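In the part that follows, the structures are each spelled out as structure tokens.
Okay, so subunit A shows up in both of these, paired with subunit B first and subunit C after.
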Partner chain A sequence: MLAPSLLLLTLFVLVPLCVVAAYSFALRDSYGAVLPGFTLDNYRDLFQAAYLQVFVNSFKLAASTTAICLLIGYPVAYFIAFKAGRAAPALLLLLLIPFWINFLIRISAWVVLLGRGGLINQGAIGLGLIDVPVGMLGTYGATLVGMVYAFLPLTVFPIYAALTPIDPRLREAGADLGAGPAETFLRVTLPLSLPGVFAAALFVFVPSMGVFAIPVLLGGGKEIILGNLIVQLFLEFRNIPQGAAVSVLLLLISGVGILLYMRALRRVEAMK
Partner chain B sequence: MSGQQAHRAGPGWFTRVFAHGLSGWVTLITYIFMLAPIVVLIAFAFNAGRSTVVWTGFSLDWFEVVWNNRHIARALQVSLIVAVASAAISTATGALAAVAITRRQFLGRDALGAALAAPLVLPEIVLGVALLVFMSFMGVTLGYGTMIIGHVLVSLPFSTLIVRAAASSLDLQLENAAADLGANEWQTFRMVTLPQLMPAIFTAFILSATLSFDNLVMSTFTSGVGTTTLPLRIYSMLKLGITPEINALGTLLVVANVAILFLVMGRYLPLMLKTSRR
Partner chain C sequence: MQGAVELRGVVKRFNTFTALRRMDLTIRQGEFFTMLGASGCGKTTTLRLIAGFELPTEGHILIDGQDVSDVPAHLRPVHTVFQSYALFPHLSILDNVSFPLTVRRVPRRQRLERARAALDLVQMGGFPDRKPSQLSGGQQQRVALARALVNEPKVLLLDEPLGALDLKLRKEMQHELKQMQRRLGITFVFVTHDQEEALTMSDRIALMRGGEIIQLDTPSGLYNAPSSLYAAEFIGETNMIPGRVVEAGAGRARVEALGGHFDVACSEPPAAGAAVTLTIRPERVTPVAANASNSAGGRLVDVDFIGTDLRLVYTMSDGTRVTLRRQNTGAAPPQVGQGAQLGLAADDLRLFVT
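Then we have the complex of A and B:
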């Protein structure tokens, strides 16, 4: 019963990842074709200024997306878990709908909304906030809006799942012992929901590093991030050894993310 | 539902949201942020002109344009084939693994459970690149086969987790009774365990098919000549500029996806409502 899954994972995940790792040490000719041999050049080249800029861009975008998603997603999950009452299932379902709509179609809606003639500019002119349309498309802000839009549901669900099992008596006990709502939240609810927050951060941060369509469609492709770099190196420049090195690096970053997640989780468990 | 409850759910919802302070406000604004773009997108699918921002009158012309676009029809066909094939493989593989993990004791059981969930936290783009490099290394031509395998990797963690959750909550007495009555392991699985797992397997299939149908990243690296999926086609259309044709196509996809969502959730929503009423 286990044979099919083991075969799939070994043959199409484990072995291919090893092949990529091997290619990342391969020599290449000036056109990027793979030559036999061993070199660390593919990794050394990653320290060039152009590549370092890509890492900075990716980290900045992933970190700000994660932070904004958590700041918005937490109150939403809190509201659904404790205050929405019988509306909770409907609210969860409404949040699932955008999640199930093709993400390119959702991003295209933002391309239209943020455009010079788009509804946001029209509305702002109508309200007298601005006189001439503002070019929002092709900016970092537009990319960020698209990223948050794409990943926000992924933060609400794990936090909601961590909030609902919290025993209401614990929160009531806090209030009975004289804690105000803010203190009850900071000393009871928030610590108990941290595992959900960590999971949400992991679910947003890791995929954010590998995104390539949103920065192209909303950011105008000006700020290249790791995802774009990998697509370019493999599909446009056909520079497999260099692309393999970047892929290995992205894999390592994700691994570090997962380790940090597990460490944070253990620390929270130990606190209890 | 009592009259009092119905009244509370009625006109009072707005004040109720605002009575809840900050989290209520954030939730309201978030839902507008999440849903308004979709409403605007659908509205402009019915625009008469070429513009996606200036309303010039109602028409269904853009739906006709989508209907007559051979590229879209072809991409839809490719997407459906890949979605059904990958979902079938993913669900079957995931269900077998889920039953084995929940029913049997064996060395490395926890490790396997973690490995099956691993593609969930590994960046999909790296899995795609690895498959591309491996397939060209083996001399395999990219096409349906490579793309179906890629999509199985993406959906396998989900189908395994769904069936696993269902399998671990089943009453083991039924399976023990079957064994006591002389059924062997395979007979017990086929006649006792499997029928009870069918709702979860159905859900896993629908979710896997949806994930495949929407997939862009894995398809970017594993599709070959003549196997352009719908998301790949939409991506290249978007890079050229947006006409209401995209909106019309999007509207059709929204309707299809929401219909499927309700089909699946229809089984679980009454259950969720019941538990929330406790």
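Then we have the complex of A and C:
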């Protein structure tokens, strides 16, 4: 039964990963061709200040995206799980629909929306809120908007999935025993939904670390992050071994994230 | 005396469904009060209204004389023991029990002291650090009880708390709950669909049906003097005998039934010709001499050996079945097929117009 999936995984995941890993130890000639050989230089170079700055940039972007997504996604998931009633399936579907449209097209739509002649500027002018269009494209804020837009559904679903199985009697018991709505949330609902929050954080943080289209399209690519760096190293500088080394590092960061998640999850499960 | 809980003209509707029709009820201080009824009768809705999980559509709810109709659940001086226990799965037993004190900002030392005392009260002092999932159903039940009692509520609401326990444990807990209620002097409002449980534990029982209380009485009153055919049928075992009034007198009626005639004590006898149902408890049916008055002949068709009792089922001459229940004296039970004359005393029969 496992054989077909194992074959697929090997062919499309394991083999490409091994190729990338192998490249990361390889040499190259001055035209960019990969030469056989073994060197650790590609990794050693990553400790240069310029590269470290890229990691800091990436981490900052991923961490703020994750934080904002959780802050918005949790209340949305809470609303759908407990307050929406019969509208819940429709709301979940609405969150899913954007996934049917190509990612680049959706982000390009934001370029149109945020532009000087875009809906937001024109609308604000029409309402008399501002006189001249505000330059929003090419800012860090625009990048964050796009990031949050892209990853928000990924936070809502796992949190929703963690909230719905919580016995409504537990919240009633909280109220019955004297805890107001806020205290019942903090002492009962939130702790019980933590596994979903961890999953949501992971689902956002890991892909955010490797993102590259959004900061380029909306943020103007002013800050170099891991995703851009890999693209530049592979395509512009034709330094495939160096790009592979950055990719492997990114993979390691994701791996550590997943490991932390599993440990946190085990601790929460042990609490029950 | 002012009631522990008072419902004044309380109506509860969910969209188009009326769960409670119009309830006026006073639950006395310190009594063990039971709301009994089949599922959907409104007993749990009444409890949830008192707890504050639901708000009444009309009317007022008073706890200890205070109108709490608009007071949210967390500010009411009542605690609930849930059918599913609703223990917090992420908190230890001790933290579960101290929850009501924690949210009231009781200092830590005092909090732990009181929580331990409550756990001792329900004989669960042994393992305060365990999680609810590590306990059996009966143990969880005890912890839930301790959690609801730790803050000394004025009224304790219990929503079928013994429903999930096996029979033996159930009997034990019934006994313990009743004792605890007497000792603490807290008003218990207990909801159950189990009439035997209601009879065993309660000071008073409200029998509910279709969102209304159809009889409010002591257990013996409810059992001995059911005010309706439904009450007679719902509480305990009852013989139902179809008949017709042939003569109405002062405080009595003469009824034709089981191929004979019976005098029935009855405060407002219906007019002659009315179709009625007579009821009598199986333990009130007695074997009598063949020519005795208020009796009818039948043939034994079934014998159930219950242990303490024997249940003898007779088919009467008109085809009605009458059950007789008598103590097991150790003598050999009668043989199936034997004939017998069954006496139904006028004071033990009850009459309902059908």
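The working rule: the second predicted complex is superposed on the first by the 260 of 272 C-alpha atoms of A that agree within 3 Å, B and C clash if a C-alpha of one lies under 4 Å from a C-alpha of the other, contacts with A are read in each partner's own complex, and residues count from 1 in each chain.
Simple rule for what comes next: contacts are C-beta pairs under 8 Å (C-beta built on N, C-alpha and C of every residue); 3 or more make two chains touch, one makes a residue touch a chain.
Keep in mind it's a predicted model, so treat the numbers as computed, not measured.
Mind checking the superposed model to see whether subunit B and subunit C fit together on subunit A or clash?
Aligned on subunit A, subunit C fits beside subunit B.
For the combined three-chain view, what is the angle at the C-alpha centre of subunit A formed with the C-alpha centres of subunit B and subunit C, to the nearest 10°?
Result: 80 degrees at the vertex subunit A.
For A:Leu96, select first, second, both or neither according to whether it touches subunit B, subunit C, the two together, or no partner.
A:Leu96 contacts subunit B only, not subunit C.
Regarding the shared-chain residue A:Glu269, is it in contact with subunit B (first), subunit C (second), both, or neither?
Neither partner.
I'd like to know which partner A:Ala179 touches here: subunit B for first, subunit C for second, both or neither.
After superposition on chain A, A:Ala179 lies in contact with subunit C alone.
Please indicate which partner A:Leu170 is in contact with in the superposed arrangement: first for subunit B, second for subunit C, both, or neither.
Second partner only, subunit C.
For subunit A, which side has the bigger count of touched residues, subunit B or subunit C?
Result: the larger residue contact count on subunit A belongs to B.
Please indicate which partner A:Arg187 is in contact with in the superposed arrangement: first for subunit B, second for subunit C, both, or neither.
second
Please provide the least distance in Å between a C-alpha atom of subunit B and a C-alpha atom of subunit C in the combined superposition.
Least C-alpha distance: 6 Å.
Could you pull out which residues of subunit A sit against subunit B in one structure and against subunit C in the other?
In subunit A, nothing is touched by subunit B and also by subunit C.
Can you list the subunit A residues touching subunit B in their complex?
Touching subunit B: residues 1-2, 4-6, 8-9, 12-13, 15-17, 19-20, 23, 72, 75-76, 78-80, 83-89, 91-98, 100-113, 115, 117-119, 122, 149, 152-153, 202, 206-207, 209-210, 212-213, 216-217, 227, 230-231, 234-235, 240, 243-244, 247, 250-251, 254, 257-258 of subunit A.
Inside the complex, what are the residues of subunit C that reach subunit A?
Its residues touching subunit A are 51-53, 72-75, 78-80, 82, 84, 86-90, 99-100, 102-104, 131, 133, 147-148, 151.
Flag every residue of subunit B that touches subunit A in the complex, lowest number first.
Answer in residue numbers: 5, 9, 13, 20, 22-24, 26-27, 30-31, 33-35, 37-38, 40-41, 44, 51-54, 92-94, 96-97, 99-100, 104, 112, 115-116, 118-119, 121-127, 129-134, 137, 149, 152-153, 156, 160, 210, 213-214, 216-217, 220-221, 230-231, 234-235, 238-239, 242, 246-247, 249-250, 253-254, 257-258, 260-261, 265, 269, 272-273, 276-277.
Can you list the residues on subunit A that touch subunit C in the complex?
167, 169-170, 172-181, 183-184, 187-188, 191-192, 268, 271-272
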